[in-house]
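In what comes next, chain A is part of two complexes: it sits with chain B in the first one and with chain C in the second one.
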Partner chain A sequence: MLGSGILKGLAETAKNFVGSYIDESGLTTIEYPDERQTLAENTRQFPFLVFDGDDAMKGLRCVSCQICEKECPPQCIFIVKSKDKKPDHVGKPQFYPATFDIDLSVCMSCQICVEVCPFEAIKMDTEFELSTSDRFGQLLLHKGQLAKPNSHFQEIHPTDAAVSDAALAADKAKAEAKAAADAKAKAEAGIPRPLASSPEAVTIPPALGPPNLPM
Partner chain B sequence: MEQIDQIFVHLKHGVVAFLPEGLQPLVSILISVTAIVLVFPLLFALTTVLERKGLGRIQNRPGPNRVGLPRLPTLFPWLPKLRLAGFGQFAADGIKSLTKEDIVPREADRVVHFLAPFVLLVPVLLAFSVLPVGRNMAALDLRETGLLFFFAAGAATELSVFMAGWSSHNKYSLLGAMRAIAQMISYEIPLILSSLTVVMMAGSLSLVTIVERQSGVNFGFLHGWHVFTPWGFAGFWLFLIAACAEANRTPFDLPEAESELVAGYFTEYSGFKFALFFLGEYLGLFAISGLGITLFLGGWLSPFTFLNWMPSWFWFFFKLFLMIAFFIWLRGTLPRLRLDQLMNFAWKFLLPMTLINLVVAALWHFTNSWNPALRWLLGAILLTFSYWILGRGFEAKFRPRTYRYAS
Partner chain C sequence: MSVATESPAPRNYEVVPKTSPEGSELDGELLEVAMGPQHPSTHGVFRMDVVLDGETVVKLKPVFGYLHRNHEKIAENTSYLGSMPYTDRLDYFCSLTNNWAYALAVEKLAGLQVPERAEFIRVITAELTRLQNHTSVCGFLLQDMGALGTPLMYAFREREKILDLFESLTGARMMCNYMRFGGCRCDLPPGWLDRVRKIVGDFPQFLDSYEALLNTNEILLARTQGVGRLPRELAISAGVTGPMLRACGVDYDIRKVDHYGIYDRFEFRIPLGEQGDVYDRYMIRLLEIRESLKILQQALKEVPGGPIIDPKAKLRSFRPKVGEAYGRIEGPKGELGFYLISDGSPNPYRYRVRPPSLINLTILEDMCLGQSVADAVVTLGSVDIVLGEVDR
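Right after this comes the complex of A and B.
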């Protein structure tokens, strides 16, 4: 009969209405500032620079190769290479970024900088509450604000961090083995050869492929 | 109990008695007007929050629950944060609409554009004056023309809608206004015809008298509300459907149709004028719900004789609250009709049903001496049969459509 569909609909909405008071778990809303969703592991928002050890400026992995700056689609990265060098994690002297700025208002969270980085130096952060009241001063993040310890990376992306740490460790072991072999060869041959100028010692870590592909 | 029932009446008389003779009628009117202008907009404020919360729950979300009392942390750091379950929302909305910029389109007819919200609000408020909200609590008891006055005032809102739509000089506004006029005129006929049954039975156009006529007692405990008769029952639902359309409520909210016409006739209104339209629309809903209560649900009468001790105004507002809740429930359930469905429904279903209902009411009147059960059965059969016949044609028409080429 006419109207039976309306009655069915009314019963359905009444069920929802009453049910939402009996069992609150049916409500899909997460009341954001009070409640928070647990973020998915692959969440990414904005890049940060990884450093090892306690001193951010000393332990920065970035060697200022500027690949990320060139690859960045919206061109939001600005790097100035240093004049001097400092030793990297394997002890090899490398350049470091004198300036490393990322423009928050331009970044589109694409993660391409992370994927092209051969030094595991830039990673995506999960922090999303980045708004500020000063749009000219606070949206351009500098080296000091971008640097975060490796422990932070291990905390937010444990799987990716394990892969990254393993690659770096393998890299370091390889470098050490090579150094030991070189020292041995040097001792055997008796030819003095400085380690730093050895062409075989320039090892670039193998590209790992995309470390944390979304989805 | 008698004292509580008549507390507002006594209060008014008490205040008026203090004044000199010449001022008394004027002050008496002013007090009644103030009461209407205060109570119903407050009810509107409450309803907006309740509606949003209710719709939220229907859609499995909590609805507004954050805005409470304003807290000025710099001035009163010791004040706790009071959320009041979101019931401060209406104040925030009101302040917002008051402080928003009032934009008038360059091409608009400024005078008409300005007048339209007031032309909507004034007749709606006038309509409240004849509603008896309690025993001896009608602001204006028009003995000869009460119901007529109500409908005359209610019909003036159509003018405002068209004023708003025409003066905005905007195609959405004009389309919305044209839809509104077509809809309101079509549904006014079933609305008036369904209330006509009550006038026939009560023999009076005075809303106060109509309520008093329903105070008879059935089975020793049930009040003789008109809704307990077959014609009253059918009439009530027909009235409710037509009232829904008159008040532009979902599923008949075609004049606004935000998904098709932006906001219909008040597309070009912003700030406080928009709020006035909003207010006028809700007050219209309350007024017509109040009329439905008065005509069919016994007005301020309690449902059972053993509940007579409760104050009459409580019963009126309780019923009004239930009606509003029903309209919110309906809004959360039904999608909007198409314009042709709307018109077909009014002219091919509602109109014949109200005419048949008039015949049933006449039969009821002339079979007064019959056995009540037989009388009831006759009316019920007549109405159910015609409902079935009329509804069958509709169901055939509104069968799920098959798309020959698309599927």
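Right after this comes the complex of A and C.
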């Protein structure tokens, strides 16, 4: 019969329409912004810089090695390396970024900076409500706006943060053991030796491959 | 584009004859209409310059390039890894299959081995991509026919569930940037496979209701059967691939031809059409969804443990040896290939994409000539184009 196909289709839409009153799962939309979905743990939006301790500027993990700046595909990271060393440096390259800008209007949230950073210093944030009318004031983020504490990272990506914290703790233990051994050797030899703190002596987790630091 | 059979007179796009060639009853003038680049039916920034005799299409010129982003040259100036997120943005409906095709080409170039677990993850994500692409394409096609909203929204409802899976795996719904040379970026989150199993289990039910909604609908049948017919020989000689080619009855699926990845381990069939019209293209996609579900069910049974990336694969300072490679996969739209030439430096010397939708689009005129302008819209909808890929 002509039209039976249409009627069959209409029965299907009716089923969907009535079904949404009976079964909650039929309602697939939510009333944002009054209601919000919980974000998936892996969600990524834009990068931020992790710092340890209380002082954002002193505790930045970033050592200004500029790998992320080099690898970022759309080149939206801008770093100026400091002239002086970090006050708390121990045996690692301890410069800090005098300037660290990320242009969010260019960033494509690809996470490559996070993957290539050997120092667990840059991670992806989940904040997405960033719309603004001021392109340069609000979307060109500086070091101060990018710095967020490690506790924030632990909160938004607990699994990744646990892995990263464990890796850092292992690195630290290794560095301390090495420092102790060095100190012992030094005491035995009785000759003062220079601290291994040049930028060439970067210790990079072996899984990530050799460094290609810009000299 | 050359046609195997007798070739028609050369087409002259510059001059529009002012009267109809046959001198129709009304002696109407030909009308040149630019459909697009913002016409709602043209799937993005695409323009069809159609010359109409009354309602009949006498000429059609596809105009693209509005979304050109210089993709290939950018890739030649970025590291191999840096191009991966850009491939997401080719066919932004199917970023995971784009990732796979590119990774496949680089793996051939650098001689990397993909671990078993990563191969399974790749198959699962690629078939999920095919599911969501084909359902939404059917929705868009119906939208072009005037079924505003309903079929497309039903399709999007299901697509959203799959995109949620992608988000919890890769961090992004559409720009996944997930595959890496020699494997995948991160392992599956806990419980992910169970969520996939649930969606794969529920999908046939959705498909049944979707087919009940549409497949016997008289309007749909009248608008699609015999419309936009593509002859088999023409499809082959024009290099058309994917569901469009199979709708013409040509048994060609790269999953079966190349057995890339681990597709030789799964049992699935290739649906073939007969007429090569819009209806066949629509039905082929629905049938392919069912075959994809079969692949998914088989793959989900036996995902092995183990590493997800080749330990030889380096993230930074990745320099494949001098050589060239072509990696291709059966993307949801057709043969998606990446051709790379390496000169040993960190970025490719030449990087070329073979986008399926661009090549499928080149024969649009042959499918539309002599039909009414409304059918041209439906025919375009059945090609399944994404302008991000057409223009690059």
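Methods note: the second predicted complex is superposed on the first by the 174 of 215 C-alpha atoms of A that agree within 3 Å, B and C clash if a C-alpha of one lies under 4 Å from a C-alpha of the other, contacts with A are read in each partner's own complex, and residues count from 1 in each chain.
Following the convention adopted for this analysis, a residue touches a chain if its C-beta (ideal position, glycine included) is under 8 Å from a C-beta of that chain, and two chains touch if they have at least 3 such contacts.
Everything quoted here is computed from the prediction, not taken from an experiment.
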Three-chain arrangement built on chain A, chain B and chain C clash or fit
clash
Taking the superposition on A as described, I'd like to know which of chain B and chain C A:67 touches: first, second, both or neither.
second
State whether A:28 touches chain B only (first), chain C only (second), both chains, or neither.
both
Pick one for A:112: touches chain B only (first), chain C only (second), both, or neither.
second
So, A:124: does it touch chain B (first), chain C (second), both, or neither?
second
Quick check on the superposed pair: does A:42 touch chain B, chain C, both, or neither? Answer first, second, both or neither.
second
After superposition on the shared chain, which partner residues are touched by A:9: those of chain B (first), chain C (second), both, or neither?
both
Given the superposition on chain A, which partner contacts more residues in chain A: chain B or chain C?
C
One more residue to check, A:17. First (chain B), second (chain C), both or neither?
first
Partner chain(s) touched by A:143 [first = chain B, second = chain C, both, neither]
neither
Set of chain A residues, in rising order, touched by both chain B and chain C:
2-3, 6, 9, 12-13, 16, 28
Partner chain A, residues of chain C touching it in the complex
78-79, 81-86, 89, 150, 154, 157, 160, 164, 167-172, 175, 177, 185-186, 189, 209, 212-221, 314-317
Chain B - residues contacting chain A, complex:
54, 57-62, 65, 329-330, 332-334, 387-388, 390-392, 394-395
Name, in rising order, each residue of chain A that touches chain C in their complex.
2-6, 8-9, 11-13, 15-16, 28, 40-44, 67, 71-73, 108-112, 115-116, 124, 159, 208-212
Listed in rising order, the residues of chain A that touch chain B in the complex are 1-3, 6, 9-10, 12-14, 16-17, 20-21, 26-29, 31
